[in-house]
Amino acid sequence: MAGNPVIALRRWLSVSPHPRIFSRPMAKSSPRPKKSKPARSAPATRSKSAPRGDGARTRRTRLPDADTVWSMYRKMVEIRSFEEHVWDVYTRGLMPGLAHLYIGEEAVAVGACTALRTDDYITSTHRGHGHCLAKGARLEGMMAEIMGKEAGYCRGKGGSMHIADMSVGNLGANGIVGGSFGIATGAALSAKLRKTDQVAVCFFGDGAANQGILMEAANMAVIWNLPVIYLCENNQYGEHTPFEAVTGVKEIVDRAKGFGMDGERVDGADVLAVLEVIRRAVDKARKGGGPTFVEAVTYRFKGHHVGDAAGYRTKEELAWWMDNKDPIQLLARDMLKAGVATDEQLLAVQEQVEVEVIAAVEFAREAPYPAPEQAFEDVYS
Amino acid sequence: MAGNPVIALRRWLSVSPHPRIFSRPMAKSSPRPKKSKPARSAPATRSKSAPRGDGARTRRTRLPDADTVWSMYRKMVEIRSFEEHVWDVYTRGLMPGLAHLYIGEEAVAVGACTALRTDDYITSTHRGHGHCLAKGARLEGMMAEIMGKEAGYCRGKGGSMHIADMSVGNLGANGIVGGSFGIATGAALSAKLRKTDQVAVCFFGDGAANQGILMEAANMAVIWNLPVIYLCENNQYGEHTPFEAVTGVKEIVDRAKGFGMDGERVDGADVLAVLEVIRRAVDKARKGGGPTFVEAVTYRFKGHHVGDAAGYRTKEELAWWMDNKDPIQLLARDMLKAGVATDEQLLAVQEQVEVEVIAAVEFAREAPYPAPEQAFEDVYS
Amino acid sequence: MTATATAKPTREITFREAICEAMAEEMRRDEAVILIGEDVGKSGGIFKCSEGLWAEFGSNRVIDAPIAEEGYVGLSVGAAMTGMRPIAELMFGDFALLTMDQLVNQAAKIRYMTGGQCKVSLTVRLSMGAGRSSAAQHSQSLHALFAHIPGLKVAIPSCPRDAKGLLKSAIRDDNPVLFFEDKLMYNDLGEVPEQEYLIPLGQADIKRPGSDVTLVATSSMVGLSLEAAEVLAAEGIEAEVVDVRCLYPLDADTIVASAKKTGYAIVIDEGAARYGITGELASVIQERAFDWLDGPVLRIAAADVPIPFSPVLELPTIPDVARVVDAVRSLRG
Amino acid sequence: MTATATAKPTREITFREAICEAMAEEMRRDEAVILIGEDVGKSGGIFKCSEGLWAEFGSNRVIDAPIAEEGYVGLSVGAAMTGMRPIAELMFGDFALLTMDQLVNQAAKIRYMTGGQCKVSLTVRLSMGAGRSSAAQHSQSLHALFAHIPGLKVAIPSCPRDAKGLLKSAIRDDNPVLFFEDKLMYNDLGEVPEQEYLIPLGQADIKRPGSDVTLVATSSMVGLSLEAAEVLAAEGIEAEVVDVRCLYPLDADTIVASAKKTGYAIVIDEGAARYGITGELASVIQERAFDWLDGPVLRIAAADVPIPFSPVLELPTIPDVARVVDAVRSLRG
């Protein structure tokens, strides 16, 4: 995205010239790691009847109203563009620390947050930029934080892994994998006790689904009937390790059965499907119907963080997901097909967003660093 | 048991003169605590079709060989007698700390440990006397430990909550509820790596089933196919709290579904049923078939510990379990019915055991305390 | 103020009752205050510290938690970030080890990491102390672990009056506060004002003035030091007993001033000796009072062993009056 | 021994390679040694400390764990009790907070609680240290928490040579040992003997002899102290740099002897200042060398704040050469 936005947009929208028929099997794969041979050295033949959730998209027949669709499209483009600029900023040495990019997973955050009110809560993860933007964070504050500037959301104290924006219910990213299960559940308890009908959405990864506190938090959500949604972004890997190698259930949504909680699995590349599933769960929660567990099947198009060459997965696998499961491409096609958008309009949004993101990068670059003494503030209130 | 052993035995074996038809519902009960009224102020009507596992006993048609039956009978009597003497010792001020008694739950430990080899592992809990004895601990060493004497299994350092006997595979009781999930699983990994075909059984309570490390350990057992059995003793309460009030699943065995593990539920008052279920799980594990989750439905006839008046449960509820679910009474009846035993023989065992336990108490009382300097030994090896 | 007004009316209540009163008063005052823990509800807690609260405030505000310490402490953090003031109770302080990620990685840091965007108004009550033959997993005094962590506050009262006043301050504080209660003190009686009062976090208290040696003590070690002071007084040595009351914020000024005055200091704490409370306090004293000291700052703490079960083993591992008295004698040669 | 025999042949390798070699050698030597951690297998660990081990020893002995630190550390405890010698790796030391129950309530106490019935031959490798803009949850130096716990041993090497020799000893030790590796040192080069060697746990090492002031340092603070010593040498002040190497067992004799010799001591550690390493060591020194000291024992440690992200904020919170030099100057006034 760092290059010509128009070319980039065409890339997103283009139909792959050589549609690939191979990819690794997912739902069908064994939960046991095959230790003798390296995991997934080559993608296996994709079965015709695609596994639910991640296979052939079961497209919504009707789109939501045009405003909603356009705003989701715009937000996904914004996240994509933001992340590509973070990549750029990172590789140019303009930001310290690490950057875990959300590229490829945009539909999960955007679908989910579109189903939320501003005063609803989310908790986010180390891969949190998408969640933050989807919940309403401003580009400047995000980019400034990532570069460690005072104008950042956390005044430079948090960085990429800790962005929070309490003003829009974003309780913060978390550097501890699984660290926010309790927090999201507590926000839900708080909403219930304060009788505000707020709902909390807890984003977490397939890797985090093995942290025990998930069971503890989910159990409390069930027994106290809390308005919380545990939304697992199964992007197939925890760092370098494929989820099947370390996960005892075939589908992560199966964990829900052990909690006594309703569970759903959804194609995480399909923003409309995510919106629908989360809307249902949010409605239920708001009405006092209790928690829901959702597994969104998705994929990160980049490595674990900028700099990770992702040698643990094959080019074919990546290509399959990029060709078939690019959430922006998929929504754009639907919009074109439904006559909600024209090529030019889509392009215009892309160009606007690109301009805004570039402005945010510029803003952040120019913004001053905090004064060193500020390191000693904000410890206590 | 502290009184005349013959009278006590008759008490165990006697058919309740007024068989009760009421008890609280269990498997059917709601997982949500009804906060407005005190939990279980009165037992609800027992449904005719008893819930699986805890209702009308599905008796084994055939008993195992007489030796096995007799040794199980003897061991259950031994545990009962031991615990009643611990009660006595405690209330007479002869032991420090706390004592969590296993009375009423004998069939779980005895059934399970009868399915094990001496070199198989168990991990135990704060309510561990029964597990220890069933796995082969000597009465003297147990009683001496409980009284804090040097002749105790832990040289007086552990006490009631920490008895271990590594010589028979007992890796120890644990004062941390849920503290041994990892340990048992690690012992199973160790057995697998050392190729010894040993199996590990992890005893834990209904309360412990809410500790997150259960999910973490169980998940590893599944992905690495470890020879471990997670044996939940659902005795209906964690301290003062009924399990339904704090547990999101209707039956604790449902947790297994979220781990991708086989699960079974068994009547924990029926030593033959426990033996059968655990034998099956042990065979499977030994042959490389991986872990099993078992829920044994049981009840503690005493309070959480000696001194707990257990005001949180009704007399009716207790009476129902004592009348219908006394594991010793149940096995004795079967033995009588099958002609494996006579009243006199059962009584003789009881008398022998009583003599042995009294001897152990005497031994422990006379045994010397450790020298104070020993407090500073055994920290490091 | 007149002299009569300062001599406020008091009555004798136990440490346990003081704790319970503090919670009840704050719950009445502020709807946001809730209590969560194992068996804290109808049963009133295994140490009976919440007796009556469930009946008064109901199960929405006095919540029986599953046995899942990490989970319910984490949940309390989330509730604290969103407008509640939870008091999370850990029956035995030893169980705090299960909650370290939530307390140290989350509660202690969230305000800072977010650049001051939110408050984590959380109180964690937890017990400490050996002496009950509860063995190694139910006897630890782990306050040093938390005192080491920037972002946390740690209170460690020694008597009913302080317990009540400090706990009320902790509940009103907008930061995570760990509040350590010695199990052996729950039945201790003490004078507690009838009227409402607060004791601010971060003020040490001179429990006994003296001129010859300073005994700096925490929690139950304050009582022990007072006893030792009596013994010493009979020998003509006047010990000043400084009750630390809060490990953070630490009132180093009061402690150091006393050491400067007497020229000798001994620090007494029930946690394990090495890398614990006594090292820090001794070190602060020697750093700031070096030129006033007539001998090294001595330390008395639990032996560096897990706490054993048998009373004959347990006793020699924890501080006693004789050790304090002997230390003073050795110091003053 | 001849002079040539003592000058053993060495080569330069990195800290990371030293760690990896130690593990490889011990795994070759003893089948019971296994490595478990996140991404330690084929991918060789995110810090590349286990590169090559998976290929050599296979996935039965180099085990990729789920992200479940408490669980796999607990599992390692169980394996250690039953004949294995697990090395559990925690990518970032901060994650150790998730495993405190298993390490402190279980691993540290099992031998004692069972009256010596078993050994917990467990090594936990974990990283420490700020300076990488990793922010508050990936930068902590938490060694003080473990050094406080009876039943644990804690090693904290400062250079490749020590890392290798100490890690091999830790793996062979029959007790739980926490082994702290500063992330910023992984690329540091150092001379390491070609032949096999061990360095026993519990021996401090004088990395630079000197007569005027003692700098007692841990991990990366040793390098920092050596730099400071150079600056001071230019001013005519000869600093002795004592590398603590193990927090427990602690070689107090070497440290105290040095302080007695120089009359001045400064303790330098990268953990948070309060209730941490420096308090204990300063306190031990003043206690045992009181009459030899010409000034208070000073302490230099990380500021008592969570570690901030932005480099301009992070830097002022961690010790640097200037602070050490200034402290020495202030001491010698």
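A, B, C and D are the chain letters, set down in written order, and residue numbers restart from 1 in every chain.
Please note the rule applied: a residue touches a chain if its C-beta (ideal position, glycine included) is under 8 Å from a C-beta of that chain, and two chains touch if they have at least 3 such contacts.
Remember, it's a predicted structure, so these values are computed and weren't measured experimentally.
Colleague: What rotation angle superposes the Cα atoms of subunit C onto subunit D, in degrees to the nearest 5?
Modeller: Between subunit C and subunit D the superposing rotation measures out at 180 degrees.
Colleague: Would you identify the chain whose Cα-based centre sits farthest away from the centre of subunit D?
Modeller: B
Colleague: Counting in whole Å, what is the centre-to-centre distance of subunit B and subunit C, each centre being its mean C-alpha position?
Modeller: 38
Colleague: Taking each chain's centre as the mean of its CA atoms, how far is subunit B from subunit D in angstrom?
Modeller: 43
Colleague: From the C-alpha centre of subunit C to that of subunit D, how far is it in Å?
Modeller: One centre to the other, that is 31 Å.
Colleague: Can you list every residue of subunit A that touches 2 or more other chains, as numbers and ranges?
Modeller: Residues 33, 154, 156-158, 162, 174-176, 179, 210-213, 215-216, 219-220, 223-224, 245-247, 379 of subunit A each touch two or more of the other chains.
Colleague: Quick one: which residues in subunit C touch 2 or more of the other chains?
Modeller: 60, 65-66, 68, 70-71, 94-95, 98, 101, 105, 112-113, 135-137, 150-151, 303-306, 308-309
Colleague: For the complex, which residues does subunit D have touching subunit B?
Modeller: Going through subunit D, the ones touching subunit B are 34, 60-61, 63, 65-66, 68, 70-84, 86, 101-102, 105-106, 110-119, 150-151, 153, 174-175.
Colleague: Would you tell me which residues of subunit B are touching subunit A in their complex?
Modeller: Residues 31-33, 210-216, 218-225, 245-250, 254-261 of subunit B touch subunit A in their complex.
Colleague: Mind pulling up the subunit A residues that touch subunit C in the complex?
Modeller: Residues 121, 123, 152-158, 162, 164-166, 171-172, 174-176, 179-191, 193-194, 200, 212-213, 215-217, 219-220, 223-224, 377-381.
Colleague: Across the complex, what residues on subunit B touch subunit C?
Modeller: Within the complex, subunit B touches subunit C at residues 33, 35-36, 38-39, 96-98, 148-149, 154, 156-159, 161-162, 174-179, 207-208, 210-212, 238-241, 245-247, 312, 369-376, 379.
Colleague: Where on subunit C is subunit B touching in the complex?
Modeller: 38-39, 42-43, 46, 58-60, 64-68, 70-71, 94-95, 98, 132-138, 303-306, 308-317
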